[in-house]
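Both of the next two complexes hold subunit A, though its partner changes from subunit B to subunit C.
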Partner chain A sequence: EEDGEFLGMKGLRGQLGRQVADQMWQVGKRQASRAFSLYANIDILRPYFDVEPVQVRARLLESMIPVKMINFPQKIAGELYGPLMLVFTLVAILLHGMKTSDTIIREGTLMGTAIGTCFGYWLGVSSFMYFLAYLCNAQITMVQMLSLLGYGLFGHCITLFVTYNIHFHSLFYIFWLVVGGLSTLRMVAVLVSRTVGHTQRLILCGTLAALHMLFLLYLHFAYHKVVEGILDTLEGPNMPPFQRVARDIPVVSNAVLNTTAKAIALT
Partner chain B sequence: MSNFEQFHFDFYQSNYTIDDQEEGCNSYGSDKNLCESRKSQTEKQPAAGAFVPSDMLLSPQSYTGQILQPACSPGTLSQFGYADGFDEEPPLLEELGINFEHIWQKTLTVLNPMKPADGSIMNETDLTGPMVFCLALGATLLMAGKVHFGYVYGMSAIGCLAMHALLNLMSASGVSHGCVASVLGYCLLPMVILSSSAVLFSLQGIPGTVLALFIIGWCSLSASKIFTSALAMEGQQLLIAYPCALLYGLFALLTVF
Partner chain C sequence: FPGLADVSISQDIPVEGEITVPVGSHSPDEDFSTLDEPVKDTIMRDLKAVGKKFVHVMYPRKSSALLRDWDLWGPLVLCVSLALMLQGGSADSKDDGGPQFAEVFVIIWFGAVVITLNSKLLGGTISFFQSLCVLGYCVLPLTVAMLVCRLVLLAGAGTVSFIIRLIVVGAMFGWSTLASTAFLADSQPPNRKALVVYPIFLFYFVISWMILTFTPQ
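So, the complex of A and B:
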């Protein structure tokens, strides 16, 4: 019947429905809070932040020194403080570079772009390399991969900090090869020491080297456009001097003259 | 002052008294003597932790009779409360928990980063000083022609969240949001000096950059000094100073450009 008669009792269907909905809500809330407390427990990350300043400094310097031992797995510091600070430093350097060059980001904000780029690279490439390492049977954990790639950003930070302030293309290429190359070699050596088989080593290290070096190239050229304009005017002796040539387009100028005369004659 | 205590003891015969006094104890540590005397008074009350309904039964009995009597003795006059107790009420600033002496002490601690900080000064969460400094930063930026109030508040909020997460991960004892917000807000004061100097001359140049770097160092040194003394993380002052420097560097970018 229309007025909610169920089993002979009016309004029971509505009440039953409400009770069922209430119970489902309670169960759902309990499960969600349990899952949240399990996965969003920040204390899982606590051991990775237990460092001393001396250790961080030593690891920063070591990230630029490739170690040639490839027959025995090299040690990777499973630490997240240094990599996190390096990513934030890269964000700050990018922001500074964007501000000094008056870069305009049309869809988004400067801050959002910088954070998205840097964190996207760190987390995304780490995950991709971890997946590749899983396929190539390499002995490396996710935290170690994050740590390795994070410390590899130290070379990027140095290069960008210098070349965003001193604008010379050739200087950037030297830094790209030397500094970028050293940090790439360090990461490649670590990965080679932890992988068995020539094909696997080639896949893993080739991918990492390509992504790492191309990222530095991208950061330099995408976020410092003014560099191009300045350098063109600085390369004086090689370019012919700027010549002023009179614009002579007779057809157009005659047509314009005629239409203007007609317009004036009409008024 | 004793009249004031007596007023509280007689008039508020419910849980409200205890909570009010407990809050008072937490707000200003310098009034410890007053708090202890108040606390001893609450312990003397028999129904100190009782539920509100039973207290409400007691209180009407104690003062309802006095309200119905138009002619009252001067001793019970004070028990009428708000009608006549305007002089007896705590001052507004004390009720709000704003203690100018403490604000001044903390400001001096920030302005002198070389002086060792007392670990207990950050026990009370005071957000008045930080709010004033954020407003001052926005105002000085406004005087330089930049309307960036939203950026200041947004970056402060996100910076506080990030620092809170990092400090909780790095310290043995946890830290609350309010404490982090309070410390970071107080250490924003040198940035106000930088933005007020931006009104006088442009900071986009070598002297501006040097001044900005100096101010960033000053802010982050003060903040890390207070954090390490409050959280007992002596060897890691540089590790805390660096993220603070990054955060204040963002504020400096806002000020300079």
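So, the complex of A and C:
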């Protein structure tokens, strides 16, 4: 660069141009780093991850035990580690269920569907319930709602884990009522303890119970086409059901499936 | 300055010396030295670093080489090769070849980012890219398992081959989890190791599951 040339301007104009460009760069960089440190600061979430493993285990077990005292506001831990891990576990279990039932997703991927379903349920229903709670004057914050619903997914995880591997229809219904029911009862009881007024309690609890139980039903039937595969192939001649539908399942569950097929054919 | 009254420099002795302060230690890759070397040297140096990290993963010992000089070349190569090998393994192969590759890619990188954020939020002392580097390199045993599975599937797809593949994938899954735990769990407070290990376990479990349920068309 001769004569302080900057973008074609020589001499004093070149130097001035360079200085102006430098200053604009500095100001822009400062603003960008300030915005970044404000919004992308993960330290905002740090207090919600401050848990010990014993606490997580205790909360998991507690999520299946409905509380009896509903006249006193129950304590909800505003923690996000447990719920997040449960949602990811549900995604993994869903993926397992989709693969063993040969679900074919046309527009999208298996993983995208699983993640979208689980996170959509957790975040969407939490926000909706928080909105309803705001309308019904319930004392609950957004993080507490996220935490409550997240821990309520523990029942879903157990149910789906068992019933995706052992394909008895009646077993699923028993698990749906017992396990799903217990975790729903717990969430409902905690919400009731924080709401005043009969109508409000009814609205909140009815909505939550319906959504929670229906979600479990949906997860079982939408991603578990083995039952339909069995019903389909009952018309075919001597074809064992599982060879047409799923892939790479060991011979053990072939026997289980044959039993299931016979049981369904009998009813 | 009274104390300096007796300090004097005679006029005819010239004062000489260096006015610049010498720079302490030269970093191993100063700009001018690595720009001028032949391309083969640069590539060989990077390849050697990647190879050394592969060895560290296969024999996990308490060494900080993986953490200190992190790089993402190894994870990229492993991720791409795993995704390529997992392609074409679905029922409807004409429109599922594409998403299968993208799925694996997204799972690995998205999963690694989530685990890293989780370990940072739990109070870890490791940096973002170091953690990504470790998690990516520890996919190596699973890539080896995928190779073995493909070879076994060439021979047939019966029960025996399933049992062999189950054992191989299970062993490699355990190895991956142990290797990454050996590197990552040290940076956590001691009573919270389980909280960090669980997402890593889930992550490698999902990848192992994808490898195990792979059937070529």
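Here is the rule we go by: the second predicted complex is superposed on the first by the 193 of 267 C-alpha atoms of A that agree within 3 Å, B and C clash if a C-alpha of one lies under 4 Å from a C-alpha of the other, contacts with A are read in each partner's own complex, and residues count from 1 in each chain.
Simple rule for what comes next: contacts are C-beta pairs under 8 Å (C-beta built on N, C-alpha and C of every residue); 3 or more make two chains touch, one makes a residue touch a chain.
Since this is a predicted model, take the numbers as computed values, not measurements.
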| item | value |
| --- | --- |
| Combined model on subunit A: subunit C and subunit B, fit or clash | clash |
| Partner chain(s) touched by A:A35 [first = subunit B, second = subunit C, both, neither] | neither |
| Between subunit B and subunit C, more extensive residue contact with subunit A | C |
| Contacts of A:V196 with subunit B and subunit C, given as first, second, both or neither | neither |
| Partner chain in contact with A:V20 - subunit B first, subunit C second, else both or neither | neither |
| Colliding region between subunit C and subunit B, picked from 4-12, 40-48, 58-66 or 76-84 after the shared-chain fit | 40-48 |
| On subunit A, positions contacted by subunit B and by subunit C | 42, 45-46, 49-53, 56, 81, 85, 88-89, 92, 95-96, 99-100 |
| In the complex with subunit C, residue positions of subunit A that touch it | 42, 45-46, 49-53, 56, 81, 84-85, 88-89, 92, 95-96, 99-100, 102, 104, 106, 108-112, 247-248, 250-251 |
| Complex interface listing, subunit A residues touching subunit B | 42, 45-46, 49-53, 56, 81, 85, 88-89, 92, 95-96, 99-100 |
| Of subunit C, residues touching subunit A in the complex | 90-92, 95-96, 99-100, 102-103, 106-107, 114, 117-118, 120-123, 157, 159, 162, 191-192, 194-195, 198-199, 202, 205-206, 209, 212-213, 215 |
| Complex interface listing, subunit B residues touching subunit A | 165-166, 168-170, 235-236, 238-239, 242-243, 246, 249-250, 253, 257 |
